[in-house]
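Below you'll find a set of structures to go through.
Heads up, the next two complexes both have subunit A, just with different partners, subunit B and then subunit C.
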Partner chain A sequence: QEVTVEVLDHLERLALVDFRDAEGVERLQKAIGFADQLREVNTDGVEPMDSVLEDRCLYLRGDDVTEGNCTNELLKNAREKVEEYFVAPPGNIPLPKLEERETFLQGS
Partner chain B sequence: AAVKGGLRFQVSAALKEGHVTPTELCQSCLSLIKSTKFLNAYITVAEETALKQAEESEKRYRRGQPLGVLDGIPIAVKDNFNTAGIETTCASNMLKGYIPPYNATVVQKLLDQGAVLLGKTNLDEFAMGSGSTDGVFGPVRNPWSYSRQYKEKSVPKSPSEDEESNWVITGGSSGGSAAAVSSFTCFAALGSDTGGSTRNPAAHCGVVGLKPTYGLISRHGLIPLVNSMDVPGILTRCVDDAAAVLGSLAGHDPKDSTTIQDNFKPFELPNLTDVSKLSIGIPKEYCAPGLSSEILAFWSKATDLFKSAGAKVIEVSLPHTRYSIVCYHVLCTAEVASNMARFDGLEYGHRSDVNKSTESMYAATRREGFNDVVRGRILSGNYFLLKQNYEKYFIKAQKVRRLIANDFVKVFGSGVDILLTPTTLSDAVPYMEFIKEDNRTRSAQDDILTQAANMAGLPAINVPTGLSERGLPVGLQFIGQSFQEKQLLTVAKWFEKQVKFPMIQLEVKRHDHSAFQHQKSASFS
Partner chain C sequence: VLNRRCVEAAVMTGLALNCSINKKSLFDRKHYFYADLPAGYQITQQRVPIAVNGSLSYSLCIDNKMSQMVTKTVRIKQIQLEQDSGKSLHDDTRSQTLVDLNRAGVGLMEVVMEPDMCCGEEAAAAVRELQLILQTLGSSQAVMAEGQLRVDANVSVHHPGEPYGVRTEVKNINSIRFLAKAVDYEIQRQIEELEKGGTILNETRAFDSKLGCTVSMRDKEGKQDYRFMPEPNLPPLILYDTKSLPANLNHQQVVNIDWIHERLPDLPSVKRAKLVEQYGILPEHSFTLLNEDGLTEFFENVVKETQMKPKKVIGWILNDLLSYLKQHSLTVKESPVSSFLLADLLNLLEKKEISSTAAKQVLAELWKGEGKTPLEIVKEKKLELIQDQNELEQICQAVIDGQENEVMAIKAGNRKVLNKLIGLVQRETQGRSNPVLVKQLLEKKLSE
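This part shows the complex of A and B:
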């Protein structure tokens, strides 16, 4: 089945990445078609596998502070900063709706 | 002073005996990097720091106190490993100018052993691809394109077609690392392997490419693609060297909780002479559609080689092989969707000028920073993770993953020690041909033989086997049992000795000949 514009729009919001053009959308369609082959496999009674190391205990270290005090190093790579803060544009403002956004999907 | 010739001689021994100094070696490699710039194998060359490291190493040798077999050895690192003070880009606009404040554990370990870090190598953007053609710094050229062996066999199709358009790809995504090792600019290189990204370019560039067991080597500082499958990969010119590098890298890292806590003991590979107790499995499903008759022939000859040496060779079945690439496709894109979420421009990397809101800034930053391939995988991954799709794609793929892993458990449980398969479907294709298909199609085709080992977390190694009709390298893959690297590498070394893969006859203008003798050594250990 074809992916609806609603889902495409939803994906752009979730991923915060745009499809860019028809090729982008086509790419997704092909990816879905490819993944659909999984349906052919019988997985009755099979448990999903998260990790190949599932039979082992993950290492957990003690709850001790062993590093830190590297504010300057960490801030070096940020473009916008003020004193010891990373500066972000205002939050709580949702991405513009499809009709108002600059996106390829608008035409669909 | 004269140094022993032959196919393999030991640079480490030469350094110890003072036949060559670490600075001479380093300078020679740096000079060769300049002469082979057209390969585009390196994104960043850390000339100053490398020379400093070489000087420090030289002081240690003069005192008679080298740190180990890696002291003074020039190495290169794929540009998706964090290196303190050295730009790390993942071949993406998103990280152009990003200078990490720390070293990846594997990088730190190599430096602690005295290795000389020459630079960062080129790759597909964020390690997504099988050609090393999709990074922002351009494609990597396979050094074999400029070898006498390839040139002798290539017949220009038209008078206008020349060397420039005929060059072949390295494979990927660790193409830069493979090219660097193959062209003698370093003795070992780090790559990463998520679906075959170390073994694939190793096969195309005629070098040894080792994918260790998942959990053996720390991923701390390796910019993640698929957390449950990524491993650092090792590229060298011979199996002994791979074992030496493995020895310095493997072991528990408190900074990576997915590394196992078992004690790892570095090992030297025995010279196997008797293979009669060995049981080699030949998975019939690896005779995949599209496998070239040439590679099939090499695979057959290898099987015969083991048989006539007395090993037990049996055909086995890994029934879910043909689904592993589909399964990988879903799990990979899902994990990528999650891993790429960290790139928002706030703390590091590219940041867009758009400032209206955090959401729109993130969106613009990611729009500007990622290429089509990366964006495509993020979007696909998010699709498979949508509530309405989670069960039938993501969970389903996780179930299929267990079936694939179980296939291997069954085969190894039935008495097979090692599996022998081809690594790639054909020899390296010309760049002009490779780019006719898109990245996803190519990856799906090229990863088919390497990918299942990542699913199951098993160790696997590409061993260069011979040259194709076109004069290009062909490799074969050995897949071993979890954490049985010693057995895997022992068999690989035996095989390497039998096939005697020819040295590349690289036709490059050389500035100085003396230290080059040492560079051309196939090994350092």
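This part shows the complex of A and C:
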């Protein structure tokens, strides 16, 4: 099953990845094919696994303050700041629509 | 790592809302991009939350009359633990968003309700009761103005018998009053839109409290694909009860549902029932008592210090004290009249040393908070009831002597005129006579 342009565009928006060129898309296609091997295993009656930690139980920490007061350290990461606030654009800047983008996907 | 206190609070709240507590609950990642979510995902409980299938009972006044209350229930779909995002402040003038990450990652408890409510009033009453419950449990101080309790309202309309319509989600509601307004506005907006042939978009809208309306939030258009996946770093959350208690586990790691259940405090509904039973007050009185922070305690303190029956005391608390506090926007804690002062005053009234009219005058003086006791004010303003029977008799006789026409009317059978004579005696005594006693004396004299 081939990966359609719509799916690729959807993925690019959701995960902000850029498949860049034909080689990138082909790599994606091959990765999906590789993962498809999972279907060869018979999993009837077997519960899906969440993670290798799933048989443990979650550690609970006490309600004690152990760190903090590092405003200056954290704000050093800010490109722009206003009175201890990080500055961000007014909203999410969406990727332009497929037709308007300069992307390999257009040509495929 | 999950904070134990969050788990305890969620279990307490789940139990208080009659939920089934899931002994094993799981964590998931919900992915989306936003400036206040630095990691690009929020840890939440989408597949198996900590508590499910509960209910919340709340009361409404019919027709705005406190005397008629009806009980309603809203089903609780689930309670889930999740992470908070940071806080965004929108600066439209400079076209930017300011982000405060202080609360990012802090534990949140989300309570999801089923669509069992039908108007703003019901939503407000339900949330108010939830607020009281959370405060009683100590799960949260639930002050909406400070973001300790946040409410998003999902609203849809449909004709009776038809399936539910498309819903919109309304955010940015900062008080219980605004919640009612936002819900009612949105219901109206949807009805008007549908009646002129339009459609409702499944979108997120923001409530504008200044304009009293909801507006579309451009940023959150369209259906989001959150790409939910199990949170790989957090194993399942396991809770125990007395039967399943493990022998060898460190007790810091054990949350015992039964242990928590045994220690639940009295919920608001139970407290109200106890007040009604213990003091013989009406259910609607108990609602008002619990609705004002500190009022129940004030009431109980007054009852302790006075011989006056609670049924009479409640009138003074709800009609006099509370209306004064409201007029001056004071909380019970800020009251210039303490429970001791009020009890003192009510004792004077109960012992018939003053009339109830005089008591109200004394109360008005006490509001000034000048530090005088009720007794001092009574003496100052000469408000004591005349205790000397002879003096009263003389005054009554004088009034009778001066009102020939009225006396004739009464003797002829017109009993109502007696009230006029009582009134005249009151005037003569400057309100310092006991009307019941005066009536008795007048009647005795008139029948001689």
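We adopt the following convention: the second predicted complex is superposed on the first by the 105 of 108 C-alpha atoms of A that agree within 3 Å, B and C clash if a C-alpha of one lies under 4 Å from a C-alpha of the other, contacts with A are read in each partner's own complex, and residues count from 1 in each chain.
The definition used in the following text is that a contact is a pair of C-beta atoms (placed from the backbone, for glycine too) under 8 Å apart; a residue touches a chain by one contact, two chains touch by 3 or more.
This structure is a prediction, so every number in the text was calculated from the model and none was measured.
Undergrad: Who does A:73 touch here: subunit B (first), subunit C (second), both, or neither?
TA: Touch status of A:73: first partner only.
Undergrad: Which partner does A:27 reach: the first (subunit B), the second (subunit C), both, or neither?
TA: Only subunit B; A:27 stays clear of subunit C.
Undergrad: One more residue to check, A:82. First (subunit B), second (subunit C), both or neither?
TA: Touch partner of A:82: subunit C, not subunit B.
Undergrad: What is the contact status of A:16 with respect to subunit B (first) and subunit C (second): first, second, both, or neither?
TA: Both partners, subunit B and subunit C.
Undergrad: Hey, is it subunit B or subunit C that touches more of subunit A?
TA: Here the partner covering more residues of subunit A is B.
Undergrad: Let me test your reading of the model: by the given contact rule, A:51 touches which partner, first (subunit B), second (subunit C), both or neither?
TA: both
Undergrad: Would you sort A:63 into first (subunit B), second (subunit C), both or neither based on which partner it touches?
TA: A:63 sits against subunit C, while subunit B stays out of touch.
Undergrad: Can you list the residues of subunit A that touch subunit B in one structure and subunit C in the other?
TA: In subunit A, positions 10, 14-16, 50-51, 53, 56, 58-61, 74, 86, 88-91 sit in both the subunit B and subunit C interfaces.
Undergrad: Spell out the part of subunit C that touches subunit A in their complex, as residue ranges.
TA: 1-5, 7, 26-27, 31, 33-35, 88-92, 95-101, 218-219, 225, 227, 230, 232-238, 252-253, 255
Undergrad: Quick check on the complex: what are the subunit B residues that touch subunit A?
TA: 98-99, 101, 214-215, 228, 252, 254, 257-261, 320, 323, 326-327, 329-330, 333, 337, 344-349, 351, 354-363, 366-367, 370, 372, 375-376, 378-380, 382-384, 386, 392-393, 395-403, 405, 438, 440, 444, 456-457, 482
Undergrad: In the complex of these two chains, what residues of subunit A are touching subunit C?
TA: Going by the criterion above, the answer is residues 10, 14-16, 50-51, 53-63, 74, 82, 84-92.
Undergrad: Note which residues of subunit A are touching subunit B in the complex, please.
TA: It comes out as residues 3, 7, 10-12, 14-20, 23-24, 27-28, 30-32, 34-35, 37-41, 43, 46-53, 56, 58-61, 70, 73-74, 76-80, 86, 88-91, 93-96.
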